[in-house]
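Next, two complexes with chain A in common: one pairs it with chain B, the other with chain C.
What follows is the complex of A and B.
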């Protein structure tokens, strides 16, 4: 049982609307970027196979499906996360200020057993915009915040240009893998309602 | 993340096909189904969590939800008519709960550190039968990727002498039963053979001219009470009771036609036997007939809400609606006014049954004349399982098993920490029974609780009576926390605004979902519920990187 669950790593991406959460996922998994922004519709989760120390893992990256717009992500979204990615837009101060709220919201909702050591990764996205001239959050400021929250790894990315996205997600995968979910201890096999329904004669055998 | 909705940006757009108020399972299924059909949907809830009356909460949140939803409704502020071409009709809370009684016997054990580990169901006891239509709906809608289930390990029947008898879920189990004589086993054999032939025959009705035509149960028998049919088959009382109350899940005393309000007909009894039978073994690693969702039943509405969101539905929690806007000239529904002051419009509105529109003209006194039915629900938290060998199981108390005046059956469901509903080593036990008044309901549930548990007399731990050092009581686990409440079952209807069904007294969701899908069909007669194209590929089989949608 440990095998199936340990092979699947759940990563959730949080941050204000419009910071590029869906684009980052898409760039990492599909190597695609769309300049056309619309509030996320249709994005659920993406999966990617990753290799780490000779073992194969499935990274399942969950998008907010737009439910972050009115801070209406239900507790179910957070359950069983192995790593939480916090994204802000380096050109929008409020999105950086809100990182703290998103982090706290995660800790409340997911209530990991060891909140001090739960793996977060922070991404400062859209560094390509206006060649960096419209930037309002400095790398130094972002790194200082990350350091104050228990040395959260920090990456500056451009989902549009694919800059640093691969490196960021490698770190995310590595940290997700290091997180030992407490649930493994006492959540054995669940029922696979999709795949393996036993074919049974329709007769009454009771 | 935010304490209230005041920090929310205005909702944009302001016109929708459908506005849904409340995020209980029925509302969430409708929101998901409408979104899957391309409708624009706005889904609102005044609570900071999903699930409304179908949610799962921490003990503190559950207590405050019950208490705040049992207060008499505050007289709604008369919404001022403004210069627009519509009239606001105030939206009032309808209290679904009453006689809420919460006792904590071990506040230290249930302290802060554990509070987030509880996911206690508001509408328990509840399970899904493996062969329920709800499982098909979960699969068809694509919500199965957001919920995980585990099997409920066993079912027991409580009998008069205070013992739990296991419900046999196979023919083999019945024949291994040492308490039955050979004659009784032969009678049982005849009964099951008949039911099986009937069902097989029923299945291939078109095929016609079969030799087993005479093996069908007669039309007359099918329309007569199931209990009469079981008597006719000369089944022993013990087996009869198991079939009626632990398999067919009959609610009231089938042997007492005077007090029984829903006598089960043979054809319905046979259908329920068939459902139970096809549930056992449908999934290879589910031992019994039932499934329970990991983290509690509150996961189900959330799964449908996420499905809706993926299809474009906009969700806004912590957003009360203060009034429903009615067209001044036609009197038809037009939209809603949020507590933020924003007015939003839609073609249709769906309301969770804990809201009622106070129309100035229509004065329909609720539920007048008819005898009201209620469901009494109870929750106990313990540190020891009722049975040492298993943690997740159902117990049915057939009518008259606790005391002679018990006219309804009581169901209890124990769920352990392996289903992530409580801290490691604890257990949540849900109880429910139908009743007419609170006294009757409380008496029934308290008797059921006392039969298997030790309920401390005092809520103060220092004066606690744990030194009951009599060895006879040693077997019974002690209750750490207990809740008892009465929930309304009757429903009123408003014109032009549809209310979704409230949680019923049944174990599964079949009736609720049936009513929900009927409501959807009434609203959108031309649309299919979750058309086939909407169902996603299984992500596990999908190694190519594609966006699941």
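What follows is the complex of A and C.
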């Protein structure tokens, strides 16, 4: 049981309601997109098997609700995260302004051991909308903010068109892995576990 | 334990009837036309189900005098006038009534709109193809909808573009509002809350005006509209309706809406208002429109909303026991409630020692889970509050769908319990698969529950050891039921609902022709709801019966300390035979109670 946890990389997705967190996750895990908005309740939980440097890992993705009433819920979900993904909508200034709150709230509630170097990834989503004409947050502005917070990797994405989603999650997985102490990965009993998890996930995905 | 209610079975039903063999008056004399009680100033296709017949006669019915109630009835003081309006039809018209025929019976004719396109420009058809909901009444001849009147309803809020200045908004038959005591809108069934700020302020003004006089406003009647108020601390709830539902029913609906709000937020929102009276609550309810609209929709199809009881999916006793055993196992490991449901029906449920679930909480929880799409896509973990259990505190719900309709809810007090609950779910799922519970559930969904056509003619032999599914073999349900299509069960029995008082559970027969469209089903539920309200209007004895006849149905209600039976018959059904049939229904329910109810404890709970 303990060893299974080590093979899991826990990823939390945060951001204002409606920026496209669920859509990004759905595009990444199921390659599906829906125009209909279905508010996330509490937190949804999905797993995805990823291959990285010839090894298999399970990304455990926590898609949280951006709705205001869930913001006190943090602790339950944030604890033990390996990477935190902050999402905003490039067409909504407020969702960008709020990134700072989301980041700080996460650091307070998850209280990671090394907050300075905790891996975040920022995604500017919905770049497809109106061919970019309704965009209010420039790439430059976003990148400047990321740089000021310790060089957070930044991606511009469209969950709708699947643009950059795979690349973003590759980076997310890589950063989550960096956070994991090396020695945990090479425990001898992990091999069965990987096998078992592969089976289960292939059952889920088809 | 299962024989709780057997003492009142048998022939007792006929005893409270002072004159069981009364020679019937000519049928025409017994019928007052419900269709004609519609207010004239309302276009008929907008009018809610015309069971004003029942509404208003409440005080009369309390006497339980069968002959009196038999006159059908009318709205309050207009009784005499209504009585003089006779409604006639011949037997042959009844016999030829086909489910989709708009002309023959009182069902469709008085609306003049049951032919699919018959909306004839009525504003309520703005809702277009959505249909089936409270105001967008539509005939649906689709076979699927016979089994399940939810089928044609689409979730989500509609008509957001409206406000109180829109004609269409004003004409909606049933509005629900939540507002704060400072007059800020929190929720409106129709229209955009922000645009309704002025209207909200008006409602608030009415309430505070009366409150300042040291009084409370509960009900305002304006023409054929009722305005019902419910004050819950800083939260005001208002219903404006011209559906002729009794006040008690509408108030009960407001209570449920308030409960739904608490389920999402807990009562601690009150504190926000104490700190800041101008507090704007709408953002806190973000994304929950579907939850409220689906609850409001359920007022017209789910009898649990007025019976305050839950219903079970019919299952073999052993199957339900198997499910209960594994849930009990989990409950012993620190889960407060473990609930396995299929749509709105319970498969099994278990509470940690002493913890018991109120049926209203179950209704609200199931509504919350089923209406939020988000739960269907993956495992979820969310704070929820059970208002009847503890309105102040959040519990945490782990929710997982085991198949399209079947979902497991594990409730705990600990916000850290996700992984534990996930492990519990894996264990439960394994056991359920191994013991075939899930496939039995699927089968039960297909077979349905009790069909009036299957009402046993002779009491089952007591010594019989066979337990056929709900009393009858159902190997080829279609061919078996063929001869009955269109005429319901024996003695003109169309439908029944049986509520066990000790179990907090009810069972309702499947809908069969002629009650086969969502609209007819809804009308029947409204009639039951009226009946329920009249039977529960204070000071009823242990045995009470009611017999009503109008042009839509013969309705029979029998309330004892142990159970309540509501039955609908063909309007031409013979009274004595109907009463006999009700006794048979009760016997039938008892014979199959192992399968249709969740009976007390699993072997582990004592």
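We adopt the following convention: the second predicted complex is superposed on the first by the 167 of 206 C-alpha atoms of A that agree within 3 Å, B and C clash if a C-alpha of one lies under 4 Å from a C-alpha of the other, contacts with A are read in each partner's own complex, and residues count from 1 in each chain.
Everything that follows uses one rule, which is that a residue touches a chain if its C-beta (ideal position, glycine included) is under 8 Å from a C-beta of that chain, and two chains touch if they have at least 3 such contacts.
On a predicted model such as this, the values are computed, not experimentally measured, just so you know.
A.B. asks: Taking the superposition on A as described, I'd like to know which of chain B and chain C A:49 touches: first, second, both or neither.
C.D. replies: A:49 contacts chain B only, not chain C.
A.B. asks: So, does A:60 touch the first partner chain B, the second partner chain C, both, or neither?
C.D. replies: Once the two structures are laid over each other on A, A:60 reaches chain B alone.
A.B. asks: Going by the contact rule set out at the top, does A:101 touch chain B (first), chain C (second), both, or neither?
C.D. replies: first
A.B. asks: Which holds for A:129: it touches chain B only (first), chain C only (second), both, or neither?
C.D. replies: neither
A.B. asks: Does the superposition put A:71 against chain B (first), chain C (second), both, or neither?
C.D. replies: Only chain B; A:71 stays clear of chain C.
A.B. asks: Have a look and say if chain B or chain C is in touch with more residues of chain A.
C.D. replies: Counted on chain A, the partner with more touching residues turns out to be B.
A.B. asks: What is the shared patch of chain A, the residues that chain B and chain C both contact?
C.D. replies: 26, 41-46, 65, 67, 69-70, 75-77, 79
A.B. asks: Contact residues on chain A for chain B in the complex?
C.D. replies: 26, 29-30, 41-49, 60, 65-67, 69-72, 74-77, 79, 101-102, 104-105, 108, 111, 183, 186-198, 200, 202-206
A.B. asks: In the complex, go through chain C and note every residue touching chain A.
C.D. replies: Within the complex, chain C contacts chain A at residues 264-265, 283-288, 372-375, 377-383, 396-397, 415-416, 418.
A.B. asks: Could you pull out which chain A residues touch chain C in their complex?
C.D. replies: 17, 22, 26, 38-46, 63, 65, 67-70, 73, 75-77, 79
A.B. asks: Under the touch definition given earlier, write down the residues of chain B that touch chain A in their complex.
C.D. replies: 1-2, 5, 8-9, 11, 49-50, 116-117, 135, 138-139, 144-146, 148-151, 169-171, 192, 195-196, 199-200, 203, 247, 273-274, 276-278, 280-286, 291, 294-295, 298-299, 302-303, 305-306, 309-312, 314-319, 417-418, 420, 424, 536, 538-540, 542-543, 545-549
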